[in-house]
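Next come two complexes, and both contain subunit A; in the first it sits with subunit B, in the second with subunit C.
For the complex of A and B:
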């Protein structure tokens, strides 16, 4: 058997260096600056920054119910979107997996990711607005008399986020389901299991790694989403990302915006840690 | 002969400083201009960027977005700016000058600035004059409303606002303060009075979004800047716009600034000079209903009726203590989020 030649450490360093330098310059350094900035403060009524250590920005977040409320809304909205994506993606992934045109269907699933957030979200405004397609259709069928509030609330933002991040759930599920032999489902059914039991006792346990990966991706993406909550929330759904944007780009209080960003990163890290622990637990079990 | 040679030499020496400017070729160089998209960008391309490119051989590149984004950019690039010219609003310009982010207006650098109405080049060069009035649904207001009419019970919860902080939001707070018998220096009264209008139907991200709903009567009214509304009224039969009288409309001014230490200061000054020219300012007034700041602009009676364009008209407008308002920016944003949006 032909063996791969060993790569010398110098060559390895040279190969890794460009990416490492790039990551250090465009990610690590700005990230460190963000950490430091979050402990500085803004000169009141100015864009000037006082570079002295203070915990005031974090105290403001913890001590103000408005920001804690925004954090809580963001967390449970992200949880809701993750759950909705999971419920929709499980049967969809199974259906796509069994189709001959699997490649085409996966391509269609990825489309929202390729389009970016802005265009699909603006399209949703036309669908969901009081004068939009959905309300118009329901009114013309005589099912409703006044428009359903589908924008400027959690319902509208959830619809937008599910539409945007569903592919992040479908793709890991398909990759997991592909590894499950067809025979397992047939064997279970030959022993009298119903379709529901096959899902509950065979497919779902075997798909757990994909469920964990997909849930983690959707949760983190929802937690940091800005464009969709901003447009579909119409200023009435307060998320942490929109608060950070308001402070950074409109109030120009960068230290406070950095502290908001750090809190968001903390929850991203916690979600990642939880995902890693669950994955490790699943690995041990199998 | 000796004397003639001497005069010739003196003339050559005295002209010498002008020679580089006359002979300067800016080919291969790029002027970066930050401004708003849409009609403003179109007019600037047509009346300012195009002629400047033809005259100098330089390329003009536009960065489109909100003025807050441009303030952020100037702060972030304070030591190494990449933007040469930026369009800011009335309250950002003095703050930008105070922070050393822009070059102070100077008619020696931008000759047309001498024609701008006296006292208007505050922080940067005054580009256009607009007022904050009321855009309203004709179905809900058969007659043009005054500010106080917005507080009638039937319109509670039927307003729309621009995202805060903004000139529109600050202007509306100042109006609410005056309806309450005080001014913007009493924010408790201002926020309490504005909160009586109820939570808005929406904080709009585009004019089409709010106009469509207002046209259908789903939104009763919105405090809006005259130029944008008047330019769009033709598309929406069910929407009217009025400059109220008690108090008068709030003065809002767009400013054009030369970014401090920018890569192309000479091109930036030439761009601003063209932006303030009679031709560009006339186009702004005719096509966008933005009042000219250049005192040499002459408009027809009909055109002048649609814009704010004289110091006398400006004096009749409500003028805010912007330096005080800016100092309250962080606190008022929190209060807006909680007391106005979070009801």
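For the complex of A and C:
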């Protein structure tokens, strides 16, 4: 069906052009430059860059256990965070969607998103530190004698990442669950299905696009997070993105930082591919 | 009986998840009132001394000023460009609409830290590293997808027949925009302005990479301090005020123009 436009094609093009040019020039071009830059090299001891073609940056990543170790930690950490976000977001999304004050609740859910990466993390430090909220409360209740180590380890970083990226899972879940008519659940229950069966046979299959989209968003965000891991990991948890950040902002070796960035893009592409395969495979089965 | 029990359990679980989601923000606000140099729970005393320190700290004050100016300028440009593009896409229905939407929303799905590394080296080549125009350009880019998404939804909800009716009654194109389209788009415009400003004001990921020594925003200053000197209670107080402001924007935005509806 051909839709009839309300304004002329030239007017449309003129309206769209400024934003399009800006986004192409400032957002897309740098990614293309990144590919090129990752094959260049840096003049040792300066910020000068030598154009050319070298695989040295990639060889350094593959050859150095430090970077591979960081990559491995980051990959399983991101997987764990994605799984935890999914488990927490499913009941929350189901609950919010049935509420009348849905708008305000969604607003509260996006709060960690619009507060940026830093401010919630500041609160988390005071929540998790040895003298902080959790340890202080547990001690005054007499449940523990010595503080639980919640900062400077994987536990703290995972808590921080799950908290920060939970909204990225909640929003796509809510937008898919909203398209499921309320009657479906009632129909299944009236036919004798228990809550668990309703989830497994009705809600989850219908929410699959949202689950895949949310998982990809959370995985991508965790894989490339560096503010939260640096603060809550206190330098003891090395994630891949914080290595890239150090190279770009402190060592000023931009070609090497670009190569690290390319590795992150590669794994994001793989995750995207996996997501597409999962939604296609499961979509065919049901 | 058992169904009521399981319902109560479910409610408790959901509330616990909601509490977990909001706990860091609540703790940030509460701990700003702690009187000690290092926050501890239970607090030894309550005081407003860190708020006082915050208002007297000239470095933080100038950083907050920079964040505000940067946020206002970037938001104005992003919402302006996004509104024009969204109006064109929704009313013009061009064949490239989907491709354009993907382009405008790309910063939501691609990793910003990787982009910022590339942008940093391009800025260095162009010599606009650490300048205000360079920062504004970057902030317009990261706020654009939020503004574009809200404005596309907003114009999609406005019936084009209203505009056509005004036109057939003799209104000039400018009168149609000013008297029909803009008033109807106002809730969406306010929503996208609010969200874009908050995103720009609170960004640390991109800004910490490309901000030079001359334009240190509040999140960037806090982040670099945090890594070298640990937590400064003054930043907690300022952070608490920013978060309180953010909550007010969201809650009032929701009440007045259904902020989250088009998100």
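In the analysis below, the second predicted complex is superposed on the first by the 262 of 286 C-alpha atoms of A that agree within 3 Å, B and C clash if a C-alpha of one lies under 4 Å from a C-alpha of the other, contacts with A are read in each partner's own complex, and residues count from 1 in each chain.
To be clear about the criterion, a residue touches a chain if its C-beta (ideal position, glycine included) is under 8 Å from a C-beta of that chain, and two chains touch if they have at least 3 such contacts.
Keep in mind it's a predicted model, so treat the numbers as computed, not measured.
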Simultaneous placement of subunit C and subunit B on subunit A, clash or fit: clash
Partner chain in contact with A:278 - subunit B first, subunit C second, else both or neither: neither
Which superposed partner A:83 touches (first subunit B, second subunit C, both, neither): neither
Which of subunit B and subunit C A:75 touches, first, second, both or neither: neither
Partner chain in contact with A:198 - subunit B first, subunit C second, else both or neither: neither
First (subunit B), second (subunit C), both or neither touched by A:250: first
First (subunit B), second (subunit C), both or neither touched by A:230: both
Partner chain in contact with A:48 - subunit B first, subunit C second, else both or neither: first
First, second, both or neither for A:208, with subunit B first and subunit C second: neither
Touch count on subunit A, higher of subunit B and subunit C: C
Partner chain in contact with A:152 - subunit B first, subunit C second, else both or neither: first
Overlapping segment of subunit B (options 200-208, 254-262 or 272-280) - the one that collides with subunit C in the superposed model: 200-208
Common interface residues of subunit A - those touching subunit B in one complex and subunit C in the other: 47, 125, 129, 131, 230-231, 248-249, 254
Subunit A - residues contacting subunit C, complex: 3-9, 11-16, 18-20, 22-24, 26-31, 33-34, 37, 47, 49, 88, 91-92, 95, 103-104, 106-112, 114-127, 129, 131-133, 135-137, 140, 163, 166-167, 171, 195, 216-217, 220, 223-224, 226-227, 230-231, 241, 244-245, 248-249, 254, 257-258, 261, 264-265, 268
Subunit B to subunit A touching residues, read off their complex: 66, 68-69, 71-72, 75, 95, 98-99, 101, 161, 163-166, 199-205, 209, 212-213, 216, 218, 326-330, 333-334, 337-338, 341-342
Subunit C - residues contacting subunit A, complex: 6, 10-11, 13-14, 17-18, 20-29, 31, 38-42, 81-82, 84-85, 87-89, 91-94, 100, 103-104, 106-107, 109-122, 124, 137-138, 140-141, 144, 148, 160, 163-164, 195, 198-199, 201-205, 208-209, 219, 222-223, 226-227, 231, 235-236, 239, 242-243, 246-247, 250-251, 253-254, 258-261, 263
Complex contact set, residues of subunit A against subunit B: 42, 44-48, 64, 66, 125, 129-131, 147, 151-152, 230-231, 234-236, 238, 246-254, 256
